[in-house]
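Next, two complexes with chain A in common: one pairs it with chain B, the other with chain C.
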Partner chain A sequence: MTTKPNTAAMAVSAQRRRLPRFLTPTLMVGGGIVVLITLFGLIAPFFVADPNAVDNMGMQPPSAQHWLGTTQTGQDVLAQLAWATRGSLTVGIIVAVMALFLSAFFGILGGYLGGWLDEAFSLFTNVVLILPGLPLMIVIGSYVEQRGLILIAVVLAITSWAAAARVLRSQTLSIRGRDYVQASKIAGERPWRIIAVEILPNLLPVMSSSFVFALVSAILGEAGLSFIGLGVVGTHTWGSMLFYAQNGQALTLGGWWWFVPPGAMIAALGGGLSLINFSIDGIINPRLRTAPAAARTARHAQKEAAAA
Partner chain B sequence: MTTLTAQNIHKTYTLRNGLRFSKLQAVKDVSFELTAGRTVALVGQSGSGKSTIAKLLMQLEHPTSGQLLLDGRPIGRRGAALTAYRDDVQMVFQDPFASLNPFHSIGHHLRRPLLLHGKATAKTVDARAAELLERVNLSPAASFLERRPHELSGGQRQRVAIARALAPGPKVLVADEPVSMLDVSVRLGVLNLLARLQREEQLAMLYITHDLATARHFSDEILVMYKGEVVERGAADDVILNPQAEFTRTLLKAAPEPGTNQRFLAEARRRGVPMPDHLAHREDQ
Partner chain C sequence: MHIARKLGFYLVALWAAVTLNFFIPRALPGSPVDAVLAKLALRGPVDPGTRHAIEVMLGADDQGSIIEQYFQYLGNLLRGDLGTTVTYFPAPVTEVIGQALPWTLVLVGLSTCVTFLLGVGLGTVAGWRRGTWLDSLIPATTILQSVPYFWLALLFVYAFAVNLRLFPISGGYDVTLVRPALDYPFLSNAVYYAFLPALTIVLSSLGGWLLGMRNMMVSTLSEDYILTAEAKGLSPRRIMLTYAARNAVLPSVSGFAISLGFVVSGSIVVESVFSYPGIGYTMLQAVNNNDYALMQGLFLIITVAVLGANLVVDLLYGVIDPRTRARG
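This part shows the complex of A and B:
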């Protein structure tokens, strides 16, 4: 009776040892979802029909010819979904990269150099932090005729970097006072090298976490804008699909195949990226790491065995 | 002969509490001289200004008034003059768990100062770094170079920190409580290492500590600080055996002295633990 749970526990720990410690189930599920969606956005557009080709057949449910059915104007939903995945991911990545650079510039530089520069950067960050993204976009969108991908991405980036900059600033403030930074000053390192080589690597976990967060919020933000008709003109995104589905009264006509796929993609990607974020959090802060169920059961069994 | 001289240095911090400003005098009118081959101990309690003096010497802070002179000339504040100053004056930090960057290997911590101060080229830097590790008794040196700080014990980390401070070939070494964060069992080893290096290199050393016993053992001169001021100074033995200032006497009394805990002594006598005669027979007197 006492040997059985022990061997089970040993088998579990041997299995866990084979995997690197950061490869948690959370990370693998989240990463798997994100990789699948990305591959779909990269590859599928080459194989689908023209997403804009109109057909007389009108709105038809899924069939052998149109796997995800057609829209009111007879356009293939699968083709639109493939291009929309590519469009949404493009917006998300552009915004996340821009937000990363902006937050790193204002957060790290201000935090490290301090003084009046820090005061000015903090003030600017706080002002941007309270800029409401959606109303700003509505104002800009109603003025600009040609809303290209870049314009939308820039506006989303400008309204989404501030929170990450504040986090980076406070982290930098804490790191710059540490002894190893003082020691590299004493060794004679130049300030830019102290920032890039001594401080930045210690900020990487925080930065990757805020990158993923920016990606999620950019894709959701773009979908929101497109849905109210202020999105990118001439490019398919998940939001624009939902916008046209709403206009075409897909819901009232029972055309679920038109609005469910883009909605499900948004939910799946958001969920996948959040799972990745949770596991990054777990790596940064081990206290948030939950013991896997199997290990918990094994410990429990060992305790029982000891009691018996 | 290298000498680093502090002349009447003051350091005042301005503290801001909302809109109210107040001043904190961390260091008041302190003067001393560090000469090659001699160790000066700076003793005082927490908050007495010891570490501020270390920061001032390392130019992490600048004195409010007073002067620092290296070989009689005012120290270089920026550019090439500052680099030259850092060639000559280096420091060992108190906490070896905080003074090494957790992201970088041990090798990185030694290669950078070697390259920055022109003590090695890209080709010779690994060999020079290994030599430094051998000098602080970390061997086999090659195996330490690629390790990360978290793989080392506190004593090993402090040896790495000492090796890093030696890398630029300094003439003056400031050791800010170099053993206070270490396990008691390795303290003596690290102190003996510092003493040996000081002898071999004829370093001028400032040993900052709160422990009078090691200050007496390892230094030639002792300065006792209290609330930012030097309250007593003199040859090490004089200060310990014949303290003049009230604060020094208090500090000496505060150190635990073997043979003063009567309950512990009684227990030890009952068990027949070997001990010095004057303790063993006190009960009979």
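This part shows the complex of A and C:
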């Protein structure tokens, strides 16, 4: 495990951490991709044709009329992509918010209160963590015929909060023992106020990192579930597009314009979010940011010494 | 003590999985009997007696209390009775699983080992050479990680199987050429068919290992004992492998649980793309045919496999890292 950086180093990095320091190229690129995709999902559905409109121009490659071609039944792929972006993002955000609440509840509360409650909570967390998620989702999803958005979101959230809860718990444990928390305890602060005012702000970087991670895994999980045919009934998502593409023989008929865009969108969004997470990681663990630079300086110095 | 605690945890996890498996069908709307009846009704009118026959077949006819049913279910599990499949009627679930299991075990097992070794190895190098051009490769691997497994599989099928015709489109072996047996023609054919699925799994799970290992290497390399080792004049190779990598690999090993669940989930979808005759493909067959007994049996087997693999890794971890034994 990593050793805790000493307080002097943390003070230095806190001073350096002004706004421009935040805006690393990684964060800008990642944020840019995510904003573009979100805008596409928000705005594009208003301007595209009906994604369900069937036409006899099936399996047409991209053209001026259909920018991303058509499906086997002549539906416009771009229109489907626009609605699918909105659908996938909606599911992702709902799941990530729910997972954040669940992980905060089990992680922070257990970590702070300790005792048998912590034992029970962390046992529960570890059991949920180790149970394979997708098979469980498949079993639940196949029992329910009317799979609404909320049901799928709940199923995804139930299977994706545990990893974050474990991280939050260990962070809470380390913060709980610090002097200022002890001081406010002795000052007679109520537990919920200590959690909300003293502990929560320190957990924000970790929580935002796990929120981003939950968003990625929710979108991937939903895509996997829809791809199997167990997604939300009657809603376009990236996964359901891929499901129909595979069932519509897009692969063997050479319809790359049908199955490439949805997957590329998932990959781009996932990549953008990972880049954001990357910069958050650099903030949480300053060594990741400073060590490469330090190593570079040392290498330059050696080279210069050798040249001289 | 440490081992007893670990075993206790895995027993609780197993019990949770078994209990979930029992209660999910009973807590959710929709019953297996109705599903089978609805399917039969598509083909023509259903005789009222059929309902009872199906209930008996699926074991849904017992009217005992839910506690009695639970213990009966546990008893059946202990006897290895998982019920009868609808898809491959009248084969018992255990037989169907027995046929599918080796395919997935070999495919997922081998590709996970390859990914682990490759990811940890590359991560060690990337962490050691921090601050060089290798750093710019790191974001690329995370993007690879966020590519959905099954989409990568679709791309591979499209590129290498449909267009270039280098690899077969689907299946586990060529049914017209060879028969399952432990001989060279079958094994080489099976490897040929497994190549694309395995490549998919390796590529899409490599990023996680690589990144985790690289970050731990970067953190470990700024420890004081690394500086001491350098000051002692040890060879860089020895510092990299024996001093830094050995310590940095520990979180990767203990993170095996999460990644294995990820790989297993991914392989289910990959198998469906390649129609690979393993657990995942069988599970999809079960889903499409409303074959609840088979589905639950598969869920149980997958869970037991994941738990078992993690137990082994956990016990090994005690050997690798003596500190955990001392603490426990």
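Here is the rule we go by: the second predicted complex is superposed on the first by the 270 of 308 C-alpha atoms of A that agree within 3 Å, B and C clash if a C-alpha of one lies under 4 Å from a C-alpha of the other, contacts with A are read in each partner's own complex, and residues count from 1 in each chain.
One rule holds for everything that comes next: contacts are C-beta pairs under 8 Å (C-beta built on N, C-alpha and C of every residue); 3 or more make two chains touch, one makes a residue touch a chain.
What you are looking at is a predicted structure, and each value in this text was computed from that prediction instead of being measured.
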### Query
Looking at the combined model built on chain A, do chain B and chain C fit side by side or clash?
fit
### Task
Name the contact category of A:P201: first (chain B only), second (chain C only), both, or neither.
first
### Message
Quick check for you: in the superposed arrangement, does A:Y180 touch first (chain B), second (chain C), both or neither?
### Response
first
### Task
Check whether A:D55 is in contact with chain B, with chain C, with both or with neither, and answer first, second, both or neither.
neither
### Query
In the superposed arrangement, which partner chain does A:W256 touch: chain B (first), chain C (second), both, or neither?
second
### Task
Counting touched residues of chain A, say whether chain B or chain C comes out ahead.
C
### Query
Taking the superposed arrangement, what is the smallest distance in Å from a C-alpha atom of chain B to one of chain C?
5
### Summary
Overlap of chain B and chain C contacts on chain A, residues none
#### Entry: Parts of chain C lying in touch with chain A, wherever the complex brings them together
9, 12-13, 16-17, 20-21, 24-25, 28-30, 130-132, 135, 138-139, 142-143, 145-152, 154-155, 157-158, 162-163, 169, 215-216, 218-219, 221-223, 250-251, 257-258, 261, 264-266, 268-269, 272-273, 283-284, 286-288, 290, 292, 295-296, 298-299, 302-303, 306-307, 310
### Task
In the complex, go through chain A and note every residue touching chain B.
178-180, 182-189, 197-198, 201-202
### Message
Which stretch or stretches of chain B touch chain A in the complex?
### Response
58, 60, 82-83, 86, 90-91, 93-95, 98-104, 112-113, 116-117, 161, 164, 167-168
### Task
State the interface residues of chain A toward chain C in the complex, per the touch definition above.
1-3, 26, 123, 126-127, 129-136, 138-140, 142-145, 163, 216, 220, 223-224, 227-230, 242, 245-246, 251-252, 254, 256, 259-260, 262-263, 266-267, 269-271, 273-275, 278, 281, 285, 287-288, 291-296, 299
